[in-house]
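We just call them A, B, C, D, E and F in the order they show up, numbering each chain from 1.
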């Protein structure tokens, strides 16, 4: 099946499409067939993604020159046709996306996909959108894939009834529609000035522009950037995020974690391909930095204010977006590898965390338990151990309560999630933040921004501990009125696997980071990317297709 | 002509944005439609204005690009129109569902001040 | 434009038809604007819909046929469609107007 | 058949390929849509159709002129009296009535308002209702009779 | 290798313990004990390696690029601490085995305890600063788990969280400090950091870095002002208190200070910061301990105080101080752990820790009384016990440091005063618990505990005695080794002897002893032994913590509402404004300027056209609130003008698509309007308020700005020469390579077919979503009933009436005839558009919309039931087939090993018929056609079905009323 | 002579555009919803005629398709609107 290998780059897009479309033919009662198709497709995508990842490493130099694979759709070479480009970054993102998707899919089979809607089809389309957005080398095609993943997200978000869900869904759609218009205007303007849509081709075209034209081009890029920032969930364009994500069912929220990162990816990809103008790059950098910091701060505050776990996790997504944007905004190339590391970890983290919320939801306490956290503690608390208080030890029996195995498992996962979100060692959240800080401090001499970022990273981590313990203790450490959730193997397995994966990443940080460094290097040397895209492909004539 | 064309886009966009900022869902729906007209015209305009040059090859060897309007933005607009249509439809249904559930056509699902 | 080779036999009737069609449509719309009641306003636009369109289509057929050198008649399809669809609109609109007028005159308790 | 002709007119071609395709489409579409068209017209005396067409054309031209005069104010306003007009009908065939409707609608100055549920009475709105009898004659004599001969 | 094992063995043990069943207390105990003892043995074997100032190293690379590796490094100091951790660990395991109730699920307890032990060993054996932080945080976490072990107790939960918050805060500070340190030195390697003291102290970052590191140490060691968490941590089971909160974890802070002493100490800043914090902790801790009512509370505050003492010693910048500090760390660990165990025994046997209830236990528990008394005496600094020795050293160091720092009087006075309190609380602890009359109202009858429980405590007391009497023969050599490893040179002159003459320290000791006794007696005489701590109970760091805590939550809540508006309009306004600002900033480079291309002359027709179009747009904008139908009609007008504009500027395909979409959209919105109850325009007072007006003007300004902006951008681009874009290629290749004359269509289905591919996916998915949503749709109650018009005008009696009729009755009869006549024609036209799209305007999308519209008109004239009684449409199947057809068309290229979507064509020459051109492009377009028909019909019909649903529902209330009536009749 | 034809074609186009403007005016004036629908219908027909004129003036056949489509479907929005007025909903059960 050499030819299948040759078509590997398009597999992560075509497989979900086929699966999603085929499943529409099934009756509502044919659940097992649907599940089989969905799982087969998802695992096939994961396999393809891992193969792509492997081909971009130095381990397989014979497959693609410089580790960058280009697949011309329809046999039309860039810049005329649409090309899929597999470089380290995109392969990494696809692998990440499919990993989370596979986990959430398995998870959802436990019980979440039940209410008859075409859940599995839409989920496949979501995967198609995400993978396509990561793989495409064409700006307008990126728009199309954005729309696919958005449409899928609308569908998944609006599952189930309820005023709240519909209201927030409406807000989500409205904001994304607005950003869709911005996207279109930005892309159009870029095409209008530079005359091309291929991202690699743009780099060359931009260099030839007169200053006035360049400014108009930059305007297009700026408008496009705003659209990306909306997707990335950056403040103040992200009010929808902490409202929309928590209302989705747990596996869907988990799968959504990757969507904000699509925005970040777009910023990174388009930014590095267009950022040859130093002045513009510096300006862009500062704007990004400040927006990132604002996002970081806002997300941190939101996290502290969250009374529900899902909302908290949503805010942690915002925090991670802010952190990524701010770090990218500093314009320090050495930071890119840690940024990628952090990105990967945060996607896995939020995915796991959201799935966990689905499993603990039914263990949740009634709301009265919340009040104690918001109200100041009652006066006797201040004099604990003082005379005014009756012996606190006479009443309670000092015999521990055995945690049911389910609760213990969930508690363990919860602690892992907290450690990941807060960046506590030894999980990779710490490794990522350490690498970020360690690199950033190398540039801190006379650069206040670095200190701001460092403070932001640490404060947000601390806030995560503060907020998660507040909620987590209520979830796991309250005995009154708790019902122990039933642990389903299909839910536990993917969650545990993701946690194990993070542990693995942490243990193998050295080699993982080496890959990210290579990805960062090629990202900052767009020439290789451009060479790969614009050079003639095998089986594709430079001017057209082979006949 | 360019001035006129730009003005047309501007008016559509301005009306669209005005509606987009209104509090009623139906206003938003119309605003989205108007904005998509404006956006489509904008994209289309990026191919510059060409009258009487439809990009359809009538004689086989007439392959000079100057004979035709730029076909690329047209193709982009087509995709944009279709996607715009789809999202408008979706927005409409969500709007109806919200009206049904919340009893008001305010975008926030509740009347201000209530 | 390539009317350079439009023969005279085609030009004269086409010119007349176009002017007539334009005037009919315009008068029809003016009627739509001027007349006082809705029922009255229903009538004039028909001028543009039937004879006005007919004139233009006929002119188009003449011009196309003259240019191509063989009879071009696919404009007839437009006429067909308009003829078929116009009554549907008219009937429903009239009935709607009548209903609304009735309702305005005898508002429900 | 009609569809095949339409196809050829649309494509402006009499090529054999188009003929075959048109015929195939004609049969297929007619069959495919037949369930939504349970009522098929039965035509007789088709030769009367061109005559009818000519009559309609002349009437349209005439009424166009008269309506144009009214719109342009060439007729004094007080001379124009519009109103509803009831016409008793003998024709029952829906297709005949449909053609009558197209004729009435296509003629400026008359609009189809309502048809009694048993098709026994037709209500029109007429822009220039000076002579009710003349209008009734016009409908019944000129068109209803011809249409009944074609459709019933 | 053994170093690595020492650290990892407890973790492995922890994992094993965690997997044990909840009842396996003996197995768990044996497991934990074995692990601890093995660690002790392993540490012990390294004595020879470190005794001569040597260092044992082992390293595993982790993240070498960033200087992070697992680097275990054991020198004398590390060895001593590791031994302490492992040894006391073993004793605590033994103690806990008996202390914990048989019903308690102890495997979890031992799992956490072992994990903690591993983490603590990791700290003391870290040779890499980042690694140290890693284990540091792990101790915080395990401590959290252990304090909260009895999580059903409210104060345990609170205490655990407080400890975690404070220590994690410190941990993050430490991380930053260590990162800065690493940046200064260029390495996180402890060996390099320890030799770079001068470089570090001279660096401009020194002060901030130092503050951060100290924050880490102070929080961990519960030093002022972070001392408050420790008393709350007493909710932990007593073995935990003995182990973590007296002997080991709280020592991590002072361990760190001692560890970094060579590279950080020796500056004024160090002295002031550390001595102040230490001194205050010393005093406050000792003073507060005197007034605690809880036995463990006394010990907790006493721990704060003793750690303050150690901190102060470390802050004195004197080598003697350092040695004394190390010495006291060891001593304090022994006597305090033993005291905690004693307190635990008391609680275990009597059921309470309340000193006002406890009394006279010496009768029931004589052995415990002896053990506790000796340990308390050590704590008080009574001669012949180890506490006395280290306190002597403290006094002498205080005198020296006082001389050097110019606080000749203050330092010794503080030291003595604290010792006075120390004596007092030790005395009180023993006196109130073990002496006096036997208590009568205890929850349990007190008796001597099991031997296993007493043994660890007794062993530790024995150590106190041995060290106290023979210091230089017991602890002396070890202290030597530890001190040497830190100082890296010969030890300063110090005397480890019980007696070295009448020196000022000895005098201070006696003053303290006597003062303490006097002070306690006066308290007893005045009956003030059970009062809240004077002065301090009002101003309490704990209280500040709570207020900060609540403040954070409340403040965040308020800010959150401000930062994340729940309303849509501000969000949309912000999106628009941010886009405007972004564009404005980018335009500063001159982008707005007019380009060089001359303007084309204005066509008055076009201008007139747009007068109409613009009025429609503005009209729609103004009417949308109250006159929805009018606004919709105007929208249709604007849409038509847009369509004409496309046609005008040579885009026939666009015009076709626009007009079809336009029509379908209007029908769709109308279908929706059925369920959107009308808004009645009324004179709303709110609309006229100043605020409302201001809001509207603001929106108007933004809208105008957006309009002007977009128009300006369009104009700027339109007047620039077109870039040498892709057009030329497409024009050249459309016919030759793409096989089509309609370049736009060739782009859509071939050059950029992938976009189209995505586009139909979007449409299909949206249709599915709409369908799914509408299945659960609950319309507005006002719109539920049959519209008024239908009730008044030709009401229908029964739903299924007329399904079998050939034509609808009444007014719809003639329209039905005409519209049904149109259906086959429309279908033909749709196929016409589909098939010729490649060469002329049209294509699958337009064709599909035409077909869908034709079907919908049938619904309009016939009604849902009638149509569906005559024909079954399966839109979902159409969608699926469409998508699959497109995908298969794309994949057909694979079979000839070309790229996805590479067009394949087969030319057949048929006799008579001629050339038949079948290509995958056509299949692709057919896929588009099918999915568009399916999706559009699905959406429209799903909406249309709503009224069918609600029409079926309408009789329900009537039935309910009926049954209610029947029921009421039955009752009467 | 061709010039005369061109003028005539231009004149006809002008007439149609003016007719559209009249329709828009009626659309604004109303007063009843049915007036607006009628105006939209007129607007569509005149728009179609304008398109046909563009076709005639450029002697291009591509505009024919658009006109065909408007002829076929312009009425759909009109009858949908009218039906909405008349029955309160576009598609009855």
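Simple rule for what comes next: a contact is a pair of C-beta atoms (placed from the backbone, for glycine too) under 8 Å apart; a residue touches a chain by one contact, two chains touch by 3 or more.
It should be emphasised that the depicted structure is a prediction, and the values quoted were computed from it without experimental measurement.
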Any chain in contact with subunit B as well as subunit E: A, F
Graph separation of subunit C and subunit F (steps between touching chains): 1
Selected pair, greater C-beta contact count between C-E and E-F: E-F
Furthest chain, CA centroid comparison against subunit C: E
Subunit B and subunit D, separation of their C-alpha mean positions in angstrom: 39
Mean-CA-position distance for subunit F and subunit A (Å): 50
Whole-Å separation of chain centres (CA-atom averages), subunit A against subunit E: 14
Centroid distance [mean C-alpha coordinates] between subunit E and subunit D, Å: 74
Multi-partner residues of subunit C (at least 2 other chains): 1, 28, 30, 42, 49, 74, 77, 81, 84-88, 91-92, 95, 99
Per-residue overlap in subunit F, given as positions that touch at least 2 other chains: 13-14, 18, 20-21, 23, 33, 37, 39, 58, 61-62, 68, 72, 74, 79, 83, 85-86
Shared interface positions of subunit E, touching two or more other chains: 566, 568, 572, 576, 632, 648, 652, 710, 713, 717, 722, 725-726, 730, 751-752, 755, 758-759, 762, 766, 769, 773, 778, 788-789, 793, 811, 814-815, 818, 821-822, 825, 829, 840-841
Interchain contacts (touch definition) - all pairs: A-B, A-E, B-E, B-F, C-D, C-E, C-F, D-E, E-F
Complex interface listing, subunit C residues touching subunit F: 1-4, 6, 8, 11, 14-16, 18-19, 21-23, 25-26, 28-30, 32-33, 38, 41-42, 45, 48-49, 52-53, 56-57, 59-60, 63-64, 67, 74-75, 77-78, 81-82, 85-86, 88-89, 92-93, 95-97, 99-100
Subunit C-facing residues of subunit E, complex: 788-789, 792-793, 811, 814-815, 818-819, 821-822, 825, 861
For the subunit E and subunit D complex, residues of the former touching the latter: 806-807, 809-811, 813-814, 817-818, 820-821, 823-825, 827-829, 831-832, 836, 858, 862, 867, 870-871, 912-916
Residue numbers on subunit D that touch subunit C, as the complex places them: 6, 9-10, 12, 60-61, 64, 67-68, 70-72, 82, 98, 101-102, 104-114, 125, 127
Complex contacts: residues of subunit E adjacent to subunit F: 604-605, 608-609, 611-612, 615-616, 619, 629-630, 632-634, 636-637, 640-641, 643-644, 647-648, 652, 655-656, 659-660, 662-663, 666-667, 670-671, 673-674, 786-790, 793, 796, 799, 815, 822, 825-826, 829, 833, 840-842, 846, 850, 853, 856-857, 859-860, 863-865, 944, 947-948, 951
